[in-house]
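Structures are listed in the sections that come next.
Note that chain A is present in both complexes that follow, paired respectively with chain B and with chain C.
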Partner chain A sequence: MDMKRDYYEDIQLLDSRILWFWFIMLVASLAIFPFLAPNYYIYMANYMAIHVIVTVGLNILVGYTGQISLGHAGFFAIGAYGTVLSMTALHLPFPIALLAGAFIAAFFGFILGLPALRLEGPYLAIATLGFGMAITQVIGRWQVFGGRMGIEAPDLSIGSYILESDRQLYFLIVTVAFLLTLAARNLMKTRVGRAFIAIRDSDIAAETMGVNLTFYKTLAFAVSAFYAGIAGGLMAFLLGFINPSSFNFILSIYFLAFVIVGGLGSIFGSIMGGVFMTWLMLTLDKVQELPYLGSILITFSERWMNLTGLPNIASIIFGLIVVLLVVFEPLGLYGFWIRTKIYWKTWPF
Partner chain B sequence: MPTTYQFFNIENLSISFGGLMAVDKVGFVVEQGSIFSIIGPNGAGKTTIFNCISGLYRPDSGKINFSGEDIIGLKPHTIARLGIARTFQNIELFSRMTTMENLMLGRHIHMKTGIWSGATFYRRGSRAAQDEIKHREHVEEIIDLLDLQAARNQFVGGLPYGTQKLIELGRALALEPKLLLLDEPSAGMNSEEKQDLIFWIKDIQDELGVTILLIEHDMKLIMDISDRILAINFGKPIMEGTPAEVQKHPEVLKAYLGED
Partner chain C sequence: MFLQLVISGISFGSLYALVALAMVIIYKTSEVPNFGQGEMSMLSTFVAYALLVTHSHSFIFSFIGALLFAAALGIFLEFVFLRRAKDPNILSLILITLGFQMMLYGLASWKWGADQRDLPFPVSDFDVINLGTAVISYLNIATILITLVLMFMLFLFFKYTKVGIAMKATQQNVMAARINGIRTNRILSLTWAMSSMIGAVAGILLAPIATLDPNLMLDPLLKGFAAAVLGGMTTLVGAALGGYMLGVIENLFGGYISLEFKSVVAFGIIVLVLCFKPSGLFAKHYVRKV
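Showing the complex of A and B:
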């Protein structure tokens, strides 16, 4: 074999015509979607795209670098409040404000990364959990942040272009999600991502090969928090109104579930995790609207559970699906995808 | 007072763990370009010496000089940047990376791609892509040298033990070390693989001019390739000399070669 290899192929995103074809199809369908779909589904797509951003970012930390965070709702909140306040109080234009919010989140990520240098496993989990809860407490008590009442997102404009409808927001949110996903994928294929993965697989080998653990661990936290910050900044405009309870610590746990259900250490898995779990969340929220089943569930829930009623059922189904997925496919949705691909490759034999 | 320049030497190195002296006043000099071996029974303190050199353990006392600088207290990644690479007795590979990627991590200190250029490359000419291409070419040479082509794109976790040992050697070589620490590189290899290994280690010494510190239990291998040998037991040095001298030493014979 003295054929010269093309090393660019090793890191190239689309190295065949077939992949190019699918990539263009994907971009085209994403572009056409908001013109065909009813408004509720555009809203849902926005929700999904925002969750994809968080999931990809959290996966960089958890799946690729092997750290843990139960505090990502905190970064999400910092991004949301940071963006909104940069616009209302500092009168920054939206794109700058969004970046400002994300960089503040990244800074807090860096700070939270410092204890991660000494803490591992359950200890780190608790430290990050505490961080997430502290953030919502601080926001809830401080009047600049609107306290418990929350604050309204200002009008959103990029240059002279005003974004009002969910469809207009769709183009902003999906574009950002698309670019950040590509960026994460690229990052994981090159030097910095390799250092993250090395730390996950063997931190002593990584450091004896010249990887500065302090730098890369805190960087992983900062990058991950940056993603959550951007997602939070976008979420403020999707919801139109934010208050501390939009970012309670249960949300952090949901985020982690997205990553695990999608597949640890897989960008594509994160996309699937974010999309599927958001669909599940939003659909279960409206489970009472199902014909027949809805009213049965309501009666059942009111009869046998506490007064919160239907959310009981939603949580139970949600939890059940997560448990089943993790038990039967530890690689998450990404694992399903791989198996399906192998199945179709060998089909019909 | 003229100080003679030394490539690498250790003076009076000691470290204890909860009262147990794992290494007790060990010292030696390694000539540049030579192969220096450390032998001793299980638990003698050999790996602990390596861990002190690579900065994983902080010795209680002593000096470790590399190219005229005392490296005690430096972080492992700084020591790597000075040009010291190692392999591990119990394999420490990045198990969910391919062979190629493991070796590419060995290029970490020579590469430039940062977070921004890494995240935003989009074509062959992009900085990060150029960086990748250049260093993949370099790593390919090591893969060829160690005959690892068959494992090139495989995840290393599932590969045979002997192959994994070689990949660790390759990863250390990718760092282009001036000093290479090998902790029992032949463990788990069959005699044919060992033969190849001896050949490669000599190649690394002769062709690449790398100085090698070697820990080994295989006496034939040791006697074959070492320029000098240090024998230790219970953390203490027993004797140091050429293979011929060490082989004759009664205490070494007793402590270590006794069974043969």
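Showing the complex of A and C:
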């Protein structure tokens, strides 16, 4: 659709005036949003931003490098516990603690990347699944981590500012999410990003072209884990409290579902996927409060199912969305977007 | 102490072996590790529970009912979702099974909530037989026996029946099997039904030891994968042996080294085996051609 004429055009971050315009609009609306929206929507926006970070990170691994991971809740947990413990036990200031947590996660990502060098497809899925479950088990049994009861996040302060309300957290979380997304988009336009894509398309061909597989595969895992770690660290403060059971296998699958729904191999898709699925998740949590549908579901649950289990309908819908998307639209929301765009560009035809 | 650990290890190991067998049967035909396996057997176990407790039928009736449900569920998933994927790659197949996993988990949690239930089992877990220094409960004996009988039946099925041989042919080469007049699509559905039934047996045998809730099979799923990887994802005998080995190793680790980190053993075994002998202990190594 768009013809690139030289290398510098290819590596530009935003390649047209129109994109620049929308980019500036986006920044402006993100900045204005917390002053206009009610509190619940700001909480939701924070949730979305954190999930966007994880989704972008996981997409670097799954969509761009072609390595599946079913253990991202593990990195998320490492980031959360790493950040909180660095602050409570080592008394580090928040920004350093957040980075420390993320780098610990990245280190574990590197470790997990090592067996990934010899594995592919189903075996890698199993190994990462095992990793994710093992992390939760270890955290749940070790007293340093607060055991099954979990630990509370300390007060959050950056310099002399103390961040308490969701509105104050918004500026931190959304800024971080924005920067990390931009960084991911940038990364994909560099030598490293192209190496990732080459590995996804064919690792043997990539190796014969001189891509160092050992380095780039472990790097992909480490970068992806770093993103999950940062997101985990922020999540600890959004929730105010973390315990091992919130980082279970189901969460790993949810993360993967975000990537699939958004679209494999697309940063913009990851943003759409993270935002849309988080909205769906938080809405379905209170499905009984929805107009019309809610009361139908309540009657149905009372007659046939179980009312307390009603929020689990989210899981059914997520599963259905994933299966249907994989079967009918493997590119996810990004695929819809591309098709709509082409439709309007070539309109009468 | 040692004997006791080995005995209960074998008892747990036979459950892992069943889960691993169920996975390997599907992996060999559909070439996808079925991540929905655990939830499929969990749901079948709940069906057994509903028939047995809620509708108070006899145990045999509920058991057979659950098996039939499991078979229908397997065929349904294969026919309605998996077959619709056109020209699927390995990632999309894995994602479809993960989609099943989410759907079934959500369905079971919606219907039965997170309450912990007990599945009454006709064989007691508390009556034991003394074997010198160790004891073995009737439930353990039943588990081990049922597993062995099931494995023997599987062996006979694959060795002597026409359908079993057709299934093996499909696993080796779909195209050649089709040329020889085998309806491979039906074989595929049948494979899912069989695998789902084996999983259901594992679930029903596990339920009296653990508590019955939607998380029943999350842990055994990982153990089943570990067992399958340990023995080799492409051999039935290997997967069964892998299950027993994993059960015993895990129990010995729990008894002598650390009870707390017992459940990390499975993950350690997965990583070690995959690093040093990726195709498993009992399978021939397969080399991908470029």
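Keep in mind that, in the parts below, the second predicted complex is superposed on the first by the 328 of 349 C-alpha atoms of A that agree within 3 Å, B and C clash if a C-alpha of one lies under 4 Å from a C-alpha of the other, contacts with A are read in each partner's own complex, and residues count from 1 in each chain.
As a working rule, a residue touches a chain if its C-beta (ideal position, glycine included) is under 8 Å from a C-beta of that chain, and two chains touch if they have at least 3 such contacts.
Model, not experiment: these values are computed from the prediction.
Q: Clash or fit: what happens to chain B and chain C when chain A is overlaid?
A: fit
Q: Give the label of whichever partner, chain B or chain C, reaches more residues of chain A.
A: Of the two chains, more chain A residues are contacted by C.
Q: On the A-aligned overlay, A:Leu280 touches which partner chain: chain B = first, chain C = second, or both, or neither?
A: It touches nothing on chain B or chain C.
Q: Per the contact definition in the header, classify A:Asp10: touching chain B only (first), chain C only (second), both, or neither.
A: A:Asp10: touches chain B, not chain C.
Q: First (chain B), second (chain C), both or neither: which does A:Ile298 touch?
A: A:Ile298 sits against neither chain B nor chain C.
Q: With both complexes overlaid on chain A, does A:Pro115 touch chain B (first), chain C (second), both or neither?
A: Second partner only, chain C.
Q: Going by the contact rule set out at the top, does A:Ile204 touch chain B (first), chain C (second), both, or neither?
A: In the superposed model, A:Ile204 contacts both chain B and chain C.
Q: Rounding to a multiple of 10°, what is the angle at chain A's Cα centre between the Cα centres of chain B and chain C in the superposition?
A: Here the answer is 80 degrees.
Q: Quick one: classify A:Leu92 as touching chain B (first), chain C (second), both or neither.
A: neither
Q: For the superposed arrangement, tell me the lowest C-alpha distance between chain B and chain C in Å.
A: Minimum C-alpha separation, chain B to chain C: 8 Å.
Q: Output the chain A positions appearing in both contact lists, the one against chain B and the one against chain C.
A: In chain A, residues 204 are touched by chain B and also by chain C.
Q: Report the residues of chain B in contact with chain A in the complex, numbered from low to high.
A: Spelled out, the residues of chain B in touch with chain A are 54-56, 75-77, 79-81, 85-86, 88, 92-97, 100-101, 104-106, 108-109, 111-115, 118-121, 124, 128-129, 131-133, 136-137, 140, 149, 171-172, 175.
Q: Help me check something: in the complex, which residues belonging to chain A touch chain B?
A: Spelled out, the residues of chain A in touch with chain B are 1, 5, 7-8, 10-11, 183-184, 186-187, 189-195, 197-198, 200-202, 204-213, 219, 223, 265.
Q: Can you list the residues on chain C that touch chain A in the complex?
A: Residues 27, 31-33, 35, 81, 84-86, 88, 90-92, 94-96, 98-107, 109-114, 218-219, 222, 225-226, 229, 233, 260-261, 263-264, 266-268, 270-271, 274-275, 278, 290 of chain C touch chain A in their complex.
Q: Using the touch definition from the top, list the residues of chain A that touch chain C in their complex.
A: Against chain C, the touching part of chain A is residues 62, 66, 68, 70, 114-115, 118-119, 121-123, 125-127, 129-131, 133-134, 137-138, 141, 204, 248-250, 253, 256-257, 260, 301, 304-306, 308-310, 312-320, 322-323, 326-327, 330.
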